[in-house]
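Just so it is clear, A, B, C and D label the chains in written order, and each chain counts residues from 1 on its own.
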Amino acid sequence: MTDATTTSSQSTSPFGSVIQWLLRNHIWVFLALTIVVFSLASPYFLTVKNMSNILTQGAFIGILAIGMTMVMIDGEIDLSVGAILALACALSIGLQPVIGSWPAVFVGLLSGAALGFVNGTLVALSGMHSFIVTLGALIGIRGLVFVYTGENALMVEDFAYTEIAEVYLGPLSLTAMLFIALALFFQWILSSTRHGRETYAVGDNIEAAHDAGINVKRHKIINFTLCGTLAAVCGILLSMRLGTAEPNAGKVWELWTIIAVVLGGTRLQGGYGSMWMTIGGVFTLAVLRNGLRLLNTPNYVELMVMGAVLILALVLDKALNHRGDH
Amino acid sequence: MQDALKGLLRRHGLIVAFMVFLAGVALNTDAFLSAGNILDVLRQVSITGMMAVGVTFVVLTGRLDLSVGSMLTLLTVIVVDQHNQSGPLMAMIITLAAGCALGAINGVLVGYIGLNSLIVTLAMLSFLQGLVLFYSGGSNVNITNAQDTWFAVFGRASLFGIPVPVVMFLAAAAVAAFVLKFTTFGRQIYGVGGNETASVFSGIDSRRAVFWTYVISGLTTGLAAIIMGSRVMGAQNTIGQGYELTVLAGIILGGTSLLGGSGSIGRTVLGIAMLGFIQNGLLLLGFPYYVQWLVTWAVIIIAVWIDLGAKRGRIFA
Amino acid sequence: EDAPDWLGGELKKPLSETRIGITVLYPGSNAYQAKYAETAEAYSAELGIQATVMDPQGDPSTQFDQIQDMASQNPDALVVWPTSQNALIPAIREASRNDIPVITSNSPIGEAGRRYIAGHTGPDDCAQAEQSAEMLGDALGGAGNIVVVEGTPGYTVSILRKNCFLDKMADAYPDIEILASQTAEWNREKAQTLMETYLTQFGDEIDGVYAFDDGMGLGVVSALQGAGKEPGDIKVVTCNQFGEGWDKMKEGWMTGTNKQSPIDDAILAIQTAIKVANGIEVPALQGIETPKVTPENVDEFERPTW
Amino acid sequence: MTDVILEVRDITKTFPGVKALDAVSFDIRPGEVHALVGENGAGKSTLMKTLAGLHQPDGGEILYMGKPITVAGPLEARQEGILLIHQELSLSPELSVAENIYLGAWPTNRFGVLKKRELRQNSAKALKALGCGFGPDVRVGTLSVAMQQMVEIARAEAFRANVVIFDEPTASLTDNEKDQLFQTIRNLKSKGVGIVYISHKMDEIFDITDRITVLRDGQVQGTVDTAGTDLNQITRMMIGRTLDNYFVKAKAEFGEEVLRVEGLSNKGLFRDVSFSVRQGEVLGLYGLVGAGRSEVVETIFGVRKADGGKLWWNGAEIPLPTPRQSIDMGMALVPESRKEQGLVLMMGGRENTSLPHLQLFSSGSIMDKKKELETYRKYQEALAIKTTGPDQAVSQLSGGNQQKFVLAKWLCANPKLIILDEPTRGIDVGSKSAIHELIAELAEKGLAVIVISSEMPEVLGVSHRVLTMSEGAVVAAFEGDGLTEENLIDAVSHQPASVAAE
């Protein structure tokens, strides 16, 4: 493999290169550690059923995290994914009586793409920081959701719709399969396509990218559009899972998503990261949440552990990789 | 004449647009520009405003503080609970101390250890939410002798016809503006935010400066919690949820740059007040609550874009 | 082991081996839910059953995960206080297909999910809202202007407390006009802010207020106090009385509400869960009492401890 | 084939406030190395960026192979065969060597999927042609500066460029690496490639180029054959006068020792540096870029931590200070990069001037704005800084005026030792000599002065004593009659056995 995550080592000894690899991919060590701890702590943890649950539950944040990773490697951030998800969820359910299930799903998907496009265009044209642009969108799109749903939770008329996502391949639900497929696909995009390499180039050294003739603006618009579309995919899967569009769906999920991506090791300032890392981050988060629930820890412990783990991950990252930032 | 107008728009485009908005609402509802309503709005924004005053310090150094919403919840629970246990004065002292201590934790992590402020304060947001539930055991707290405690002053009383929380907010803003404009510490903040490396080369301890901005942010959140506790005479475990976004939106709307080094308390006060008047105006006009979110979205984008465009002399990047 | 009196049948296995999973709406958000969660834990301990109490923080999707996680541990029964009328149906369906009996508590689940549950216990939010409409309508003598302070839109409770109230009003009190209805997101401080705005907007036109819960009702009363109103100037009616609301009612600020006990609510849910865990038939619907509370009869009720 | 590959006619380019190129005409022949020289800010990079499609000219035309073309963007330029190797490295550290060589122009199929094998093979070929010791899969971030430079040069090979522009390519190269680069250039030349070579190093210019074009303030001063000219003529064309009467040296009257360093080391940057400087003395630090001079003074000043070494201040040994302590003792450091290290660009001159000495302009932490303003005015007049007012953001000022504010900010507290790291970089002729005069004046007032410069005439012109550094070590010291160009060049390139540093 020649992608950015694995071509790091210059060291000569195989031991050294293992250490190198671990330093750049410490999330897997972390994930393994959490799995071991919870396996010892709860007899229910290492069951096929529970693993299946973790995969499915993680997949939702995971799909958001795929888009977020693209945007973050670009050196940007998208805070509006939770709201976009809610709108796509609402449209794909709300429009079903009018235009039928699949067209409704398609419109939901389009809404995500359109909003992502709007975010990207605003970032590219205005030169505003994406944090501001998408913070505005986070507030505003949620408003759109309420306008559309009329404040009510919309329900599917035919509950067969909720069975669509109930396809299982062994312990893998359709949602989990889709997440893994998308993650692999986007890892391929990142490592093997022009757009993917541009993503690193833009996030890593935007001047160099610009001077090399990469159309930075168009590039960013594409990534925001992808991020919005993936958020819509997540929203549609959620609509299939719940059979209902809650106007409050996906609230604060953008935060969980950012946490998962950063936990994985993708750099907030851009230029560095991969879907592998994001998969690691997503599942670490999912395992932590699931494990703490199985151990019957009170809610506040879960929240506190999450905060502590995140800070720990940052400190570790800083100590291991000496990456200065403020 | 035309040039003068252009200059005015360029420099104060935001204020002009805001005035147009105020006039528009006022034409449609008599109540809007009444003294009573204006004071009401100011009272309503005094909590977020108070927090925004402190967070502005953080933002001026080029950092973020997303933990203030959860911190507000925790500190409100603390002030109310301690009021019942140790009396109003001790409760306030404990609250402010707790606010500073929590700010100091952020400050050490971001300032001294040099971790990314977005993630640190996000982690803190989650951690503090947990801490609130732990502290309160999940239940609501109320001030038991709400009738006869002087603690009610902060949320409910008026001074010369001006609500006390408004007086506190504006006083804090004035002090903060003074600190930023006229003291060496203020100069250090702008220096660090404007160019951290150059500031270090100028002998400024940027880590220390950043640390103190978080302490200040914690302190103003403590003050906001006192207003909140006194106004509500109780606390829910969710009472400050989402306030960090309102605070940030207000600061951004005012035109303080998230990259640090430019902005002011005056701008923050303006931004926060604008959010308050927009919300109030839309409610008075009878729009559903969530329409204000759509308007906020539009206003943030337009205002920040204009501001940025004016600074760079070009609309498009 | 002796079966408790209320069980009405035989224990299939000892209580100490009975495992129940409970997921509560959002204990962090108000006193009622906190008391409910507290009681659920205390009562489970008292009975000696193994109970897991979870908090989805009001997020249906999280609650969905929790139901899945609990179901994967093969408990004897699940108690779900649904965050959403319909969003949890697939999760409950999955549990029930795995032969884990589920009962819903406090808020009902949507029509489509009824066949997957073993029973529902709890107050009737719709009836409460209707009671509130009656109390407010009667207090105003059937005519006047009112404003409404809503909970966070989209949740079951909000929807029921809104629609049933409005329907009743329209039916029984056609001369009462609703000037405005906005959300305060179950937040006491936001309710206060909203009421202040209403007062500015409508001034003395307002004769009555309906708030979806007592917490927001207290915010409304604060606003009235701040505006220099006297108790009873404006009739405040809420649902589900809290301790502080009880005080305010005695002071004359509150005109009507209803008593709903989170203790009764939680205990009934757990008892029912134990019943279904032991294969004992339970009625499809078991209510808890939610009597009207007004200044006239408030002394008959103990001050709520929540 | 015409005898000119690329011709520029009357190109004009204006930036807000600066006419960077003023009717510039210029041509490149196949198989020649054409030098472009001129002072900092003369417009060399701007001209080349225009050729490479990074700037669009305001007027004039570009003829390529005899036909007028517009170079729409950098990608188009590269595809035409015009390649610019940037002054500042223009690479993506996280990407591989192969990907950097083809940055933005990766070979892909119709769907944008990388042809990785082609990418690797072509890159490997290009690297091999250059004799690079690393493969195409290495991550660029792990390479040394010189190796990174080679990656950029490999682009010329990979794109079969007709015109290759080197913008100060040897700035960070060692002699060996430079020789290798020159070999590469000769190779390209023999293949008929036209080469533009920008550099401030005259020896290189005379070594490798065929013709020299001199730019001054955006205008062409003339083009001459290298063989038919000499250094004096070129210098005169560049700055309008000869160097002899250009530098002012302070009277050599030295007082007490102000600073002494012994055995100062910083792992990976420099080792065992020892020297001292006296009142009234101007000590020059000369070396090629990357020699570690900046790191030495930054460590003394305290913005970097040292691994070892001792420091004496006014004769007393002190622990290595923090920047705050250094400033309070009376040390001043005018850093190398004025935009990154020197100024807060969005502040005005007044606030920048007072930034290191806030305690002097305040009582009880409250700023004394009157005093601040007075000081600002004093230095603004003394240094003849052109501004519209005390609060005009320094970002809007020209480089020279910015640099003067960096000086003002350090002079206003009357330091005992002032360290100037490349004080005249990017500064126009007039101001440059003003700064040289100032250096002399300061020394005569009794300050100790350390001047770092990569410009040999400058170092020779202003210093009483010069230390030369190479690869992180002090290799020689010269004073009096020893201060000659030959000696300095010898010292930094051949690294003779260390001469006593006193």
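Following the convention adopted for this analysis, a contact is a pair of C-beta atoms (placed from the backbone, for glycine too) under 8 Å apart; a residue touches a chain by one contact, two chains touch by 3 or more.
These are the chains along with the protein names UniProt gives them: A, B = ABC transporter permease; D = Sugar ABC transporter ATP-binding protein.
Source: prediction; values computed, not measured.
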Exercise. Would you kindly say which chain has the C-alpha centre located farthest from the C-alpha centre of chain A (ABC transporter permease)?
Key: D
Exercise. State the pair of chains with the top count of C-beta pairs in contact.
Key: A-B
Exercise. Can you check how far apart chain B (ABC transporter permease) and chain C are, centre to centre, with Cα atoms defining each centre and the answer in Å?
Key: 34
Exercise. Provide the C-alpha centroid distance between chain C and chain D, rounded to the nearest whole angstrom.
Key: 72
Quiz item: Using CA atom averages as chain centres, what separation in Å is found between chain A (ABC transporter permease) and chain D?
Solution: 43
Exercise. Averaged over CA atoms, how far is the centre of chain A (ABC transporter permease) from the centre of chain C? Could you give it in whole Å?
Key: 35
Quiz item: If you look at chain C, which of its residues touch at least two other chains?
Solution: 27-28, 153, 183
Quiz item: Where does chain A (ABC transporter permease) touch two or more other chains at once, residue-wise?
Solution: 146, 151, 298-299
Quiz prompt | Overlap residues in chain D, where contacts from two or more other chains coincide | solution = none
Practice problem: Give the pairs of chains that touch; include all such pairs. | Solution: A-B, A-C, A-D, B-C, B-D
Self-check item: Residue numbers on chain A (ABC transporter permease) that touch chain C, as the complex places them
Solution: 44, 47, 49-50, 53, 56-57, 60, 146, 149, 151-153, 155, 159, 162, 166, 238, 241-244, 246-251, 289-290, 293-294, 296, 298-299
Quiz item: Where on chain A (ABC transporter permease) is chain D touching in the complex?
Solution: 2, 4, 7-8, 10, 192-195, 197-198, 200-201, 204-205, 207-214, 271-272
Quiz item: Which residues of chain B (ABC transporter permease) touch chain C in the complex?
Solution: 29, 31, 34, 36-37, 40, 43-44, 47, 129, 132-133, 137-140, 142, 156, 228, 231-234, 236-239, 280, 283-284, 286, 288-290
Self-check item: Complex contacts: residues of chain B (ABC transporter permease) adjacent to chain D
Solution: 182-188, 190-191, 194-195, 197-205, 261-262, 313
Quiz item: Along chain D, where are the residues that touch chain B (ABC transporter permease) in the complex?
Solution: 16, 301, 303, 322-324, 326-328, 333, 335, 340-347, 351, 354-356, 358-359, 362, 365-367, 369, 409
